[in-house]
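Take a look at these structures.
Shared chain: subunit A. Partners: subunit B in the first complex, subunit C in the second.
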Partner chain A sequence: MKIAAVTACIAGIAHTYMAKSALERAAKKRGAQIHVETQGAMGMEDKLSQDEIDKADVVIFAVDTNVTERDRFDNKKILEVGTNEVVKSADDVVDHAYQLVGQA
Partner chain B sequence: MENTLIDSSKVFIENDFPTKDDVLKFIADKASKLGVADSSDGLLADLRQREVEISTGLEDGFAIPHAKSSHVIYPSVLFIRSKTPIFWESFDGKDVTNILALLVPAENKDNLHLKMLSKLAVSLMDADFKSRLCNSDSKEYIAERILSASK
Partner chain C sequence: MADSKAKTFGRDLMRAFQSGVSYMIPVVVAGGILTSVAVIGGGSGVWEETDTFWGVLRMIGQTGLNFIVPMISAYVAYAIADRPGLAPGFITGLIAYNMGTGFIGGMITGVLCGYVVNWLKKLPVPDRVRTLKSIMIIPILTTFVIGMLLWYVLGTPIHFLTDSLTNWLNSLSGASATVMGSIIGAMMAFDMGGPINKIAYAFGTAAYTEGSYAASTAMLLAIGVPNTIMFLATLLDRKHVLFDDAERDNGATAIIMGLVGITEGTIPFALADPLRVIPSIIVGTSITCAINAAFGVTNSTMMSTYMGIPFTTNPVLYILSIVVGSLIGALMVVGLKYAKYRKDQKNATAENA
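Moving on to the complex of A and B:
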């Protein structure tokens, strides 16, 4: 299972980065590969390549605001949640991502 | 004086706050007295606005109110402990006693400090770090732990 994710919160100071850490932990626990791009106050970091996006089975947006360059993800299966949901229960969010692609 | 992210002058552990808004007022007032913010009222409005958008409560009695504000002069962390737990919408429904205010200027000229604040936020997902902070009554120790969690 390959997951591409983007995290972004309103101030871009805290939740963006907490959500990245939570998603990486949860994905590791389930044995999924994940790459998380952050869109915070420091701009885009760990930017996903188009190749990584194309090869991902599912995309997770953990965002409280708009995703920058969203058109990169056209035609992908996207699970969109708030950053708080991910920081609170990343395991459930990753489970939902599996369900979305029929790998529950 | 050097503008440090946090030192013992930014740690407040002897106060009592009836509500979340009293904490936000205290943060704005202290930030302006410490020279971190140029306007107490301006910063307060920005802190309140952030709470309206989404609450900043975490788990285990911790919260991270924050603002990226034109009234903040340099990036800073304030640590506040309330003797009485405060109602603050949190992930686990617990009231909050330990508060880390993250203050950042609106115009970002300083990725180093932003990086430190993001590392600090991630550290707050670690139970050991949180228990070290709640179990200490030393302002110097608390400031030191917060600074080292940001590096």
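Moving on to the complex of A and C:
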């Protein structure tokens, strides 16, 4: 299972990065590969390559704002949630992502 | 998980507004702080001059503040319709600003531009004119339609709405001002920089740009209070039983972040123990803002809690509000944590026995 994810909160200084580490932890727990791009106050960091996006089985957006360059993800299966949901229960969010691609 | 259409629409709209605020924050910070510093350094004369250093500083800051409404408009449109939303959003947002429709005007033009662009995107056109559509038709038509709509139809009612809101805010005093202060304080503390906090932030900023300092003061005052509460709580824990060493270090970090106006410094405490920490910081912050509003103390700059002290109408009462609210919040969190500590100990001894 390969996951590509984007995190973004309003101020872009705290929740963005907390959501990133929460997702990474939860994905590791389930044995999934994950790459998380942050879109915080500093703009895009750890930017996903198009190759990574193409190869991902599912995309998670943990965002309170819009996703910059969203067209990169056209035709992908996307699970969209708020950063708070991920910070509070990243495991559930990753589970949902598995369900979305039929790998419960 | 099929959401109803209205629910999805509401969520999209909320996300669009949040995006607008997200892009607006650096503009408010840069413009607000530079303007504040200029007024502090050069006195009220700086509003009229550009031949002194302070006057130039004011001009730079004020230019930034003038961008607030166009930025909101442009990035709300951007969040809804992506890139093609930006140009019409900026142009109509500037018109909204010039018409004196304030913040609300910018949000409305942003939403309208976003949806018109999205609608135009779907309009079927022959292949030959497809490039023409993205580079000419969408920006020109959207800007024309929304610009005209704003000028001839929407401008006056929005202006009226903004004016009424401003007058209402300015008329608040005594009990109603206290209630408003307590609500703003509670919202600011609720999620420490999250969406609820930013709604109060946007409201306070909007009030500031309209010159309603009571609301903006409550918002700015609230920023550093949760940090102060948790810092005090770590100090009150003299026996080192309620917070571990990492949290004590965190208390120091939190107060430094509080001094410069970053509520997010409190988040680690809230994550570790949300049920005890969050209600305590809500109560403490709410009380601080309520007391300060009851005193009628205002801050005419965009400086947060501590940096704003010298620019308040009454620094002594202002500081008193911070101290009282923070102490109550700190005592509450220490009390709640101590109750849990006692209970845990009791259980431990019961198990050992």
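Keep this in mind: the second predicted complex is superposed on the first by the 104 of 104 C-alpha atoms of A that agree within 3 Å, B and C clash if a C-alpha of one lies under 4 Å from a C-alpha of the other, contacts with A are read in each partner's own complex, and residues count from 1 in each chain.
What we mean here is this: contacts are C-beta pairs under 8 Å (C-beta built on N, C-alpha and C of every residue); 3 or more make two chains touch, one makes a residue touch a chain.
Since this is a predicted model, take the numbers as computed values, not measurements.
Chemist: Mind checking subunit B and subunit C on superposed subunit A, clash or fit?
Modeler: clash
Chemist: Considering only the touch criterion stated at the top, classify A:N75 as touching first (subunit B), second (subunit C), both, or neither.
Modeler: Neither subunit B nor subunit C is touched by A:N75.
Chemist: Which partner does A:N84 contact after superposing on A: first (subunit B), second (subunit C), both, neither?
Modeler: both
Chemist: Taking the superposition as given, does A:N66 touch the first partner, subunit B, the second, subunit C, both, or neither?
Modeler: The answer is second: A:N66 touches subunit C but not subunit B.
Chemist: Mind working out whether A:M42 is in touch with subunit B, subunit C, both or neither, as first, second, both or neither?
Modeler: So A:M42 only meets subunit B here.
Chemist: Who does A:M18 touch here: subunit B (first), subunit C (second), both, or neither?
Modeler: The answer is both, since A:M18 touches subunit B and subunit C.
Chemist: For A:Q50, using the defined touch cut-off, is the partner it touches subunit B, subunit C, both, or neither? Pick first, second, both or neither.
Modeler: Neither partner.
Chemist: Could you give the residue numbers on subunit A that contact subunit B in one complex and subunit C in the other?
Modeler: Looking at subunit A, the two contact sets intersect at 9-15, 18, 41, 64, 82-84, 87.
Chemist: Looking at the complex, which residues from subunit A come into contact with subunit C?
Modeler: Residue list for subunit A touching subunit C: 8-15, 18, 41, 63-66, 70-71, 82-84, 87.
Chemist: Contact residues on subunit A for subunit B in the complex?
Modeler: 9-18, 21-22, 40-42, 64, 82-84, 87-88
Chemist: Can you tell me which positions in subunit C touch subunit A when the two form their complex?
Modeler: Against subunit A, subunit C makes touches at 15-16, 18-19, 21-22, 25-26, 78-79, 82, 191-195, 198, 262, 264, 267, 271.
Chemist: In the complex formed with subunit A, which residues of subunit B make contact?
Modeler: On the subunit B side, the touching residues are 50, 53-56, 58-59, 64, 66-68, 91, 102, 104, 108, 111, 114-115, 117-119, 121-122, 124-125.
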